[in-house]
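Mind having a look at this structure? Questions to follow.
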């Protein structure tokens, strides 16, 4: 059986900037996999290439065996890829509830949508308290929860998370990682990008290390945490 | 010694929300201080009030003997207080060098006549501006990158450009809003060294907002904690780390425990 | 062997809302060249016609003028329709000694500037406005008037003359307003309804004034309606519909059907262009004829054919027998005697336009001629 | 009115009554309150003016004139105000989504008015016109105009704006101007060939009901309300309510709002962004078309140049209300219509000024409002969050 | 394969050869000479005159841009341009003064475009009422010297033509003051709000000009001011014309108007020269950097010490002053000023020049002005003239055997200049969104954008703005 997500030799460009230089990676069903790398290494670009936000020039991207490269984002989303983009990007003038409903755009049944909204409120009780509030007025942590919940509304097979802890207070960072574990436990496959490599490796089973557009390391989390280079550069130990 | 910046009873409301509530903070000259607090606590708003981007509802802000209340941002900048932004706001289409040169605006003699006639004074000033801008770029570690267009720089470098740009107006005090957000640990360590050099070598007082406890605890001498717009604690890193209210509202148990003093003190 | 080329240009709006009149001026000039250039062709010349579109816009008119003066073969310009365009453009013609004969410009400044190259064969707004006012004063029950204009050189000019003459005639002028509106006149109509004048005079052109009266009647206006020769186009009937019936208008150009000599012209024009000539078409035909005759005289006299000569010879025109009358220019380029008529719209059917009834008609001398006459009268008595 | 306070989780769980309140009663009430308020305010100003200048011109007692003109000014102000509002919606919707001013919108409006004419003229040519019932006729004319203008807007977006998405904002502005020039002349060419004319007069005189105004007697004054004015107001209200429902009450509307706030993320949510943008253009264009047909019926004659002035006015109205804000467009349009109507009605009596200065004063009002409310009447005041 | 590579390499050699100064310079000279020779031999009586002149004259007018871009020495460029401006064009103008007319019009619009470029391109303020300042300049001169009976005329206080040069400065000054007065209350507004307010101001100025004939006649209202004064032609210019005439054996019939045109020609290129220098010096200075900063991010700019309102006012006033100077020249050249010349459409077409050429860049803006003006005044006009000429001789298109005469009058191209212009605008924008000659800074921004856009629908940048009622910058959204 092919892995749920598989990238082979993916090249992506921004204008003349060669951001991804032949990435190979895979994610098995049910896994949490993390991508670690410094700024500009191409982590976000990898996720964007998968979800179709940027079009890769070369290589193949497969979802459960189906080639999704070159598809438009809304088509890829329909196939079960959820993406929580860098910087949350919730719809600031829609209410929390509307934001969630937008997440289930491809779901026709009203009752199904209501059921999922209810489910999200259970996962993130904080959102239930604010369901009528405009997205733009939420605090950073709340926005992050909303962004994750919104992506989950489509019940994706795989969730791409881009730096969910960025700019959050330490106490919230803990909360977010708890939630990631919880979602995964409920059966969602997760590809996680994090600056906070330590915590990312703690929740992930496997990890990849990216350096200026290329993969330099791949291993289980435990091994990576003990790797000297990883320790020095990404875990801040010397 | 009189504080360089003396903020008293500052309040700012947005509609029904009190973003900054009766905050009093004093910043000593030549110090490195941090302001921390949960998301939405009002930290950035405080910076915006100080730099004239928002007008306070009540309260006083005295900087270097002059009141800041009612000043426009450019006047605040001219008075000697400069800043960076939480979300990087470089002039993306301009080169790195030009970005820094713009930062010098309030220190320049801008005369239409001189500009059009290209007097000797004008040319001298231009040479000086360029020289100083490259010096600053070297200072923040971007020597040789002056001609790149700023939007093409990696994120970490963009943060450095912002700092160089803020330093260009020879400020007495610089406000850094989450300067290491999105940096990896190695870059963060470098950044901390840079902040120290700003204070030690340039004599500029530093105030920063951060969520990264390694930075906060590692370099700041004084920490103020905001929550729901109010100051809930202040003191040295050690005092803050053990303050139960701060732990509950902000740090969480893990962050409070994980960061060992030695780890952060050692980095350079 | 190539024939020597003489070109005659026309300038009139060929696009835009007034292009119906403008195109008619252009077409009639073309027809005139076709029909009247025979003698010149016999002398070995070919006469070409170069129409320009001034878009009823001064800027464009002047730009065209600057363009066409550089074609040395162009000997004269027929045009324009709009005084606002003719005045600045004629300054350019004047600088280059190029003769202009206008079939339609009624603004006083056209000729009062005394430019040697500028001539017209139609009447003037001062006389037209005054004639309108004098007529209005004779209408039963008319004591108050409300004067509108379109803020153009033409419309405002003639409305102003009407207003002054109306006051002199003892009528009360309730308002004098300019409007550039072209579609929705509600705002203009409200105060008129409140002031309830006996007559509205609108110094403007049919494309605007026709729509206006339609809306004014719908809003409840029941008084009389009057205007200058800008009303004179069959399109007025179409735009105004029933609301336009009985409208009075003055004109310096009676409908072609009014001139016995123009019958053949109407027939030829209709045959060539597939529609009947609009007002000023016959005048355009005559303007062109005057130019051609002048050129013919020069060639016959053996002089060099230069623009200066043409301009001088056009000005020297005496008793030219056109299809719309006999023309002699005074020293300013006005026709010594001009026709003025007062007409009334009889039907909302555009096809009936040429059967509008002529209520009154008179020949008035140009100001120069009038002054000379006055002097002549004064001299013996003193 | 377009503030979605709560999204429609499920209609079934809510009563029709509540739905009716939210999407019909509430918006109508809001409109009514605003109209009455604005008209009252301007009336008071007019009377104050009359007190200050009792006799601005010999033999003119201003207060009498105001008395006589008041109903007429209000009615015509509301009529044209609704037309402005409907056009303004097109500007505002497109602005909301693409953040640029669709300068070609005035031509979309013009095409609506021409299509309205064509439909009626065809009916008239074939002799069907007098036979059709007024309601049916009006509905058909408006729908055809909406369809044509809506499709046109979609085509324009595809041809002239989509290739420029992501370019600096002034670039589509220029191609919009190009489209505008092109459309004017194209319509002119078509009409020139088919009708040899471009003053297009609606064959309203064949319709008995159009010619009989409602006579409203107030005191000694009789005010004629033309049926077309009535149709304009009614048509505008109905379509505006429909739009309100569409934007705030339907899933597609929510999609449009999402796209307008963040196109990229909307794509990630599974929304086909291009389709939403086309839809927005269709809706905005259809409104422009409906406004065009209503305008045409009201004024009687249209030309290919008819779009320019209402276009500028509606653009002003959109900005006045707060560009990007749908309710704002409505209020802006009504405000502008009423202000203009009052200015037109009163400036006449001041010899040194006159109606020629209406636009000057109207723009001054706009500038004043913008100085005190830099984002328009309803524009939320965003101190940019830094 | 082999063939292809040979082709490629030969193409490469050609390209390399072209880069050599000698070759490039020779080609340039040949290019200009050929254009001049063709123009010189063209005769208006030729049936195809409009067609040929449409092909060649633009080639000549555009040659400075090619010269500037060519890989030749600086002095050589300078010499070529001087020869073009001071020998070739005046000579052609003596043969056919419509060329002078065209070049003067181009200069007038180029001056306006450069002024607007300061406001829109440099400082990023969308001004839709720019033409108002042009009007202010034009009226400043026209009011005092017109033949119409304005208040100045009645009192007999007529300014003599030689005051013209003084009035250019007065025009600059008055327009700048008006710019500041208008700008003060509104420059705090952002983006599209500023656009509508400037649009309103433009219309207000026009309406006021249209109505200031009552109660006191300043502007002669809608009738416009005609017979506006012109600067006296210096005797040497007229003598020069006569000398050249006899030297080259031309027969000039209109010596006086021609000398007048030549005078305007020299004034126009002088003023454009000055404007270019001023614009470049501004761009390349702390002021220019401050403007760019404002354009890119107002909040950051003000926080970095750039006084927003003052810098915006400066941009507004500078742009206005250019228009004021040009306005004085325009009034004198045209001898006629009326409110109709200052409509919104004019503001928009100047904006179109700036954007078509390449916003923010001086050379691009000039190119935009040249191209748009030539399109309107030469190409489209000539198209109509050509068709008309063919119609006059009953020309038959050979193969398809079509009589031009049969083309319906309803579809005369003269009536559809706007349509063609509109189409060209759209096409130009689609194929060169950054303008024909983009400023490097903007070109780069745009290229990245283009390619990063995934499927055409998504620009990843779009979202960060506060939506709906946004505080947007007037130019591209660069997140």
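In this document, chain identifiers A, B, C, D and E correspond to the written order of the chains, with residue numbering beginning at 1 in each.
Definition applied: a contact is a pair of C-beta atoms (placed from the backbone, for glycine too) under 8 Å apart; a residue touches a chain by one contact, two chains touch by 3 or more.
This is a predicted model, so every value here is computed, not measured.
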Most remote chain, CA-based centroid, reference being subunit E: A
Two chains sharing the most contacts, counting C-beta pairs only: D-E
Separation of subunit B from subunit D, taking each centre as the mean of its C-alpha atoms, in whole Å: 49
Between subunit C and subunit B, distance of the C-alpha-averaged centres to the nearest whole Å: 75
Centre distance in Å when subunit A and subunit D are each reduced to the mean of their C-alpha atoms: 44
Multi-chain contact residues (two or more partners), subunit A: 52-53, 72-73, 89, 91-93
Sites on subunit D at which at least two other chains make contact: 188, 196, 261-262, 264-265, 267, 273, 354, 356, 386
Set of subunit C residues in contact with two or more other chains: 15, 151, 178
Subunit B partner contacts - residues on subunit A that touch it in the complex: 17, 37-40, 139-141, 163, 166-174, 195, 197, 232-238
Complex contacts: residues of subunit D adjacent to subunit E: 95-96, 99, 101, 159-160, 162-175, 177-186, 188-189, 192-193, 196, 260-265, 267, 273-274, 277, 312, 315-316, 319, 322-325, 351-352, 354, 356-357, 359-360, 363-364, 366-367, 370-371, 374-376, 379-380, 382, 384-386
Touch list for subunit D against partner subunit C, complex: 65, 68-69, 72-73, 76, 79-80, 188, 196-199, 201, 205, 211, 213, 222-224, 226, 295, 298-303, 305-306, 309-310, 340-341, 343-346, 348-349, 354-356, 358
Touching residues (chain side subunit B, partner subunit A) in the complex: 37-40, 86, 152, 154-156, 178, 181-189, 211, 213-214, 249-252, 254-255, 263, 266-267
Touching residues on subunit E, where the partner in the complex is subunit C: 44-45, 96-98, 101, 105, 147-148, 210-211, 221-224, 226-227, 253-254, 256-257, 260, 334-336, 338, 340-341, 377, 381, 384-385, 388-389, 392, 409, 412, 414-416
